[in-house]
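For clarity, chains are labelled A, B, C and D in written order, and residue numbers in each chain start from 1.
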Amino acid sequence: MRTLMQRLGEDVRLKEGLHACMSCGICTAVCPAAEYFEYDPRSIVVTVQSGNEAKIRKLIESDTIWMCGQCMSCKPRCPRNNCPGLIISVLRRVSQETGAFVKSRLGRQQYLILKTIGTNILETGYCVFPASVVPETHPEQGDVWRWIYQNKEAVYERVGANLDKEGPGAMRKIDRENLNELERIFAESGGNSFFSTIVKFSRAYAKESGFTDADGEPDMEKYTDFLLNEDNDEK
Amino acid sequence: MMKNSQVTVTKEIADDNYFYLRSCIRQNFFPGAEKVFLDILKNKLGKNIIDNANHISCTGIGYHSDIVPYETYQAMVARQFALMTEQGLKNAAVSCITSYGGYNEVMKTWKEFPEEEAKARKNLKNATGRRFEIPENISHSCDIIYKFRHDIAELAQYKLINKQTGKPLRIVDHIGCHYAKIFPEKGIGGAEQNTVLSAIVEAWGGQSVDYPERRHCCGFGFRHYLVKNNRSYSISNSKKKFESMEPYCPDMIITNCPGCNMFLDKWQYALAKIEGKTYSGDKNGIPVLSYEELAGLVLGYNPWDIGLQMHQVDVEPLLKKMRFDYNPDEKYLDAGGKFMGQPEFTGCLP
Amino acid sequence: MSQFDFLKPKSRQIEFEQFDDRILTFVLERERSFLTCISCGGCTATCSAGNLTSFNIRKIGLSLRRGSINDLSDEIQKCMFCGKCTLVCPRDINIRNVVLLIKKRIAQLESEKTL
Amino acid sequence: MTEKRNIAIIGAGIAGQEAASVLAGLGYKVTLLEKQERMGGMLNKWSKLFPDFSSSQQILDTVQVSANKNLSVICNADISSITKENGRFELSDNSSLKVYADLVLLATGYNLFDATLKEEYGYGVFENVITSVDFEKVHKSGKKLTTLLGKEPRRVAIIHCVGSRDAKSGNTYCSKVCCITGVKQAIEVTRMWPDCEVFNFYMDLRLYGSKYDSLYLEAQKHHKVQFIRGRLSEISERQDKGLQLKAEDTLQGRPLRMNADIVILLVGMEACEQNADLCRNNTLDLDENRFFKSKNIHYARNISTQPGIFMAGSCICPMSVNETLESSRSAAFLVDKSFRSVQVEE
């Protein structure tokens, strides 16, 4: 079996992101996540650099790697040309491939993201579309968005968009042929199997945690509900 | 060893024949902005820009929230390039900052690891039969407005002047992180003293105002906004920016990233709801406009044609400062001139 | 409004502009050697309490010098006053006395209800 | 026996002058070439020296040479080429100057890192951000360090490793003297303003010299200078022209934000840009940091990769004043030895 370090090393982004860290803290200094979480990109890089399997295992099972916001503010500053943000992408990938992500609250949320963004992408060809930004779950979007949401057709038409219609233009409908292409790209390049892996481990965790239906099969609706309400207080 | 923190970054920006690569967030929240961008290019500047109906999301938000693997992302980027190639175009005009960073990241990877490019070509070919050539030029759409900022100034009907005081409008900027932080040489002015927006503002008569947290992230954080329980991160970081710009009394915020534009608009509203406070000295909040919207305004476009009624922070106080000739009664009329109802509330505080 | 369930985390950033020097000044007036700490961690490595609990005397000293004194009062109780830290300190700081002074000052502030 | 006794020394900083006086004293014919109007080089920019706060002027006066029968000094001579023909070196500048010599000693010194390249620190943009060299200038003038608006600083931050140990600046090496300069300047600031808080942001404190560590102790003990382990990430200007700094306090693992009235950037030493010119038409070579390459860094530090060309001082690598003077004497000794061995062979 491949070690975690081998798995990490197979991703070209590790070669791009990790040269040698001297622990100067220039990344943590401007990291938007370090300010609000018990999180320190510097120490993550130090752990990966150590190559210690047990420590890396612990890392990919923890909440920590999910705290990065991928803003890459660390990238232009590092005096050794490392990119902690990129290293974290690689850790997250391995965490999902190996099922380690379900061991942490923030990691488990990947299932939620898959169900929203992943579904959006495959079904519409967009990461977001107006109907997906539901005012009830997006109160911060405010009253103007609520009005737009309720009057989608008229508003988008007024500003020259092409909402859900054929042809080019903003928010046009992506036709079946293009969506098929998208699906085939996902199938060919490992996107689909990555999705399935996330689902597989999430289902197993749901079952293990007692989110099951009458037949003892995982009840993913219950599980989703659990994830949405899982305690968000920082421990 | 090369010094990559050179003070002036002069990147090449193609001057015609663009392939438009749109942004999921921009078209969703600010469809008028992209409409006006295309219109300015075609009808004001006389450029050729193609909006291709087969173009779909690059899946960048999925990639940065880690559900889309890098191989898939590369193949999706390859598909965008293939559409360009098929159209005979070599210059990408990218509307989205996430995509812009993503395309550059992929190009860098392919340069360093040719086997990754070969894999992407194979994946694309097997899945779609398409093939592609590497674009000659990848510019963000703000680069293009930057390039033609003086031409736009010549065509302008308005200047960025507060006509009530006669002074230039005070404008703070926010540069989307992935515009120049990942590859400083890909952004006008580099990562640290980025000038793409301030040069635009100054070319049109406004005053660009510096503030301490100018380079700080807006707080989108991908998975942090996408999961409702995580949104504290997003709002906290935006708040940090608002607190930092507040003492400078800006008339507006200009952004080059569709996501940042949306967050800086909406989080002002949410902060007002939570804390009963705005950062603008009035109840409305600080209007947040993109460079295309601002270009539309100086060129005298009808604000309701370009979608400014879709902002939570009302733009009308800004229009009034500019003595902009517009009709407030048309704000909520549909394409046929019929009233389509109106938001219960605009701005931040009642 | 309960639907805006955001803005929960407190900033972890050390904000120098909110420097609380009430303990530090008290300690330095009475144990000047504390000025010369170089954060080498020798004290923490040998610390009896640190070997049994999460107690980290180096970090406590550092928090004090960064003016962040919240959460200090519980933490400082973990010290067992064995004095080994003082023996190993390469700068010859009387760390045991530093801890005593911190405790004393915390007790004062708590009795004034200002901590 | 033909007498080969002509030596050209490029650079009349303290390295060039010290070597010139030793070699002229041994009876060689020395031509000392200086690109500036006057001799003394970089040390002219310094006020007081670490670790004893002695005056740099005193050193300049001590090493000061003047022309005599064995020594001629040519200023405003910016040598850009060294060629060897018929067993002789020909040195020329961009005008008509030509100097011939049997042996050449390079004492071209160093350049200061251009702090404007670290854009995130705002040098040249924010006026309360200054470099260590700007500070020396203030100190030398006898005035006190003040903010842009002429006010007493309440807090000063001193930033280590600016342009050193930094791939972004293209300099991955340590400039060696900045740490101790930072400690020295911190003490000097508190001597000007006893109530001013001084913070040094460092990655590693490399206080290698004798008495350097005791200066560090003194800075902590008597001047309340504080040291924060974390590389400064960015400086922004506040509305009152004060500065906002961001770093990580890595010993706590927490990000840190601080306001300061003045920031001093400890700029590192870089190889001179002209070094590359001097390598043309001969077998001189540069090392990976663009300084002149030694034949062997242990036993032939002063010997270049071109036979007949020697090196002294900080054109080899960053050096302190005392190391520079020792390096010069060592170079002079090797030059002398080289002449003698040639004569024995003949």
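Observations on the structure shown:
Just so we're on the same page, a contact is a pair of C-beta atoms (placed from the backbone, for glycine too) under 8 Å apart; a residue touches a chain by one contact, two chains touch by 3 or more.
In this text, all values refer to a predicted model and were calculated from it rather than measured experimentally.
Highest inter-chain contact count (C-beta pairs) belongs to A-B.
Put simply, the C-alpha centre of chain A and that of chain C have 38 angstrom between them. Measuring from the averaged C-alpha position of chain A to that of chain D gives a distance of 50 Å.
Computed from the mean C-alpha positions, the centre of chain B lies at a distance of 46 Å from the centre of chain D.
The multi-chain contact residues of chain A, meaning those touching 2 or more other chains, are 30, 34-37, 76, 139-140, 232. Among the residues of chain C, those touching two or more other chains are numbered 1, 4, 6, 8-9, 11-13. Counting partners per residue, chain D has 120, 167-168, 229, 234, 249, 254-256 as the residues that reach two or more other chains. Interchain contacts join each chain to each other chain, per the touch definition above.
Chain A contributes residues 34-38, 139-140, 232-234 to its touches with chain C in the complex. Chain D meets chain C in the complex at residues 217, 220-221, 224, 226-227, 229, 249, 251-252, 254-259.
On chain D, the positions that touch chain B within their shared complex are 116-120, 125, 167-172, 234, 236-239, 244. The part of chain C that touches chain B in the complex is made up of residues 1, 4, 6-9, 11.
Contact residues on chain C toward chain D in their complex (touch as defined above): 12-17, 32, 35-39, 58-59, 62-63, 65-66, 91.
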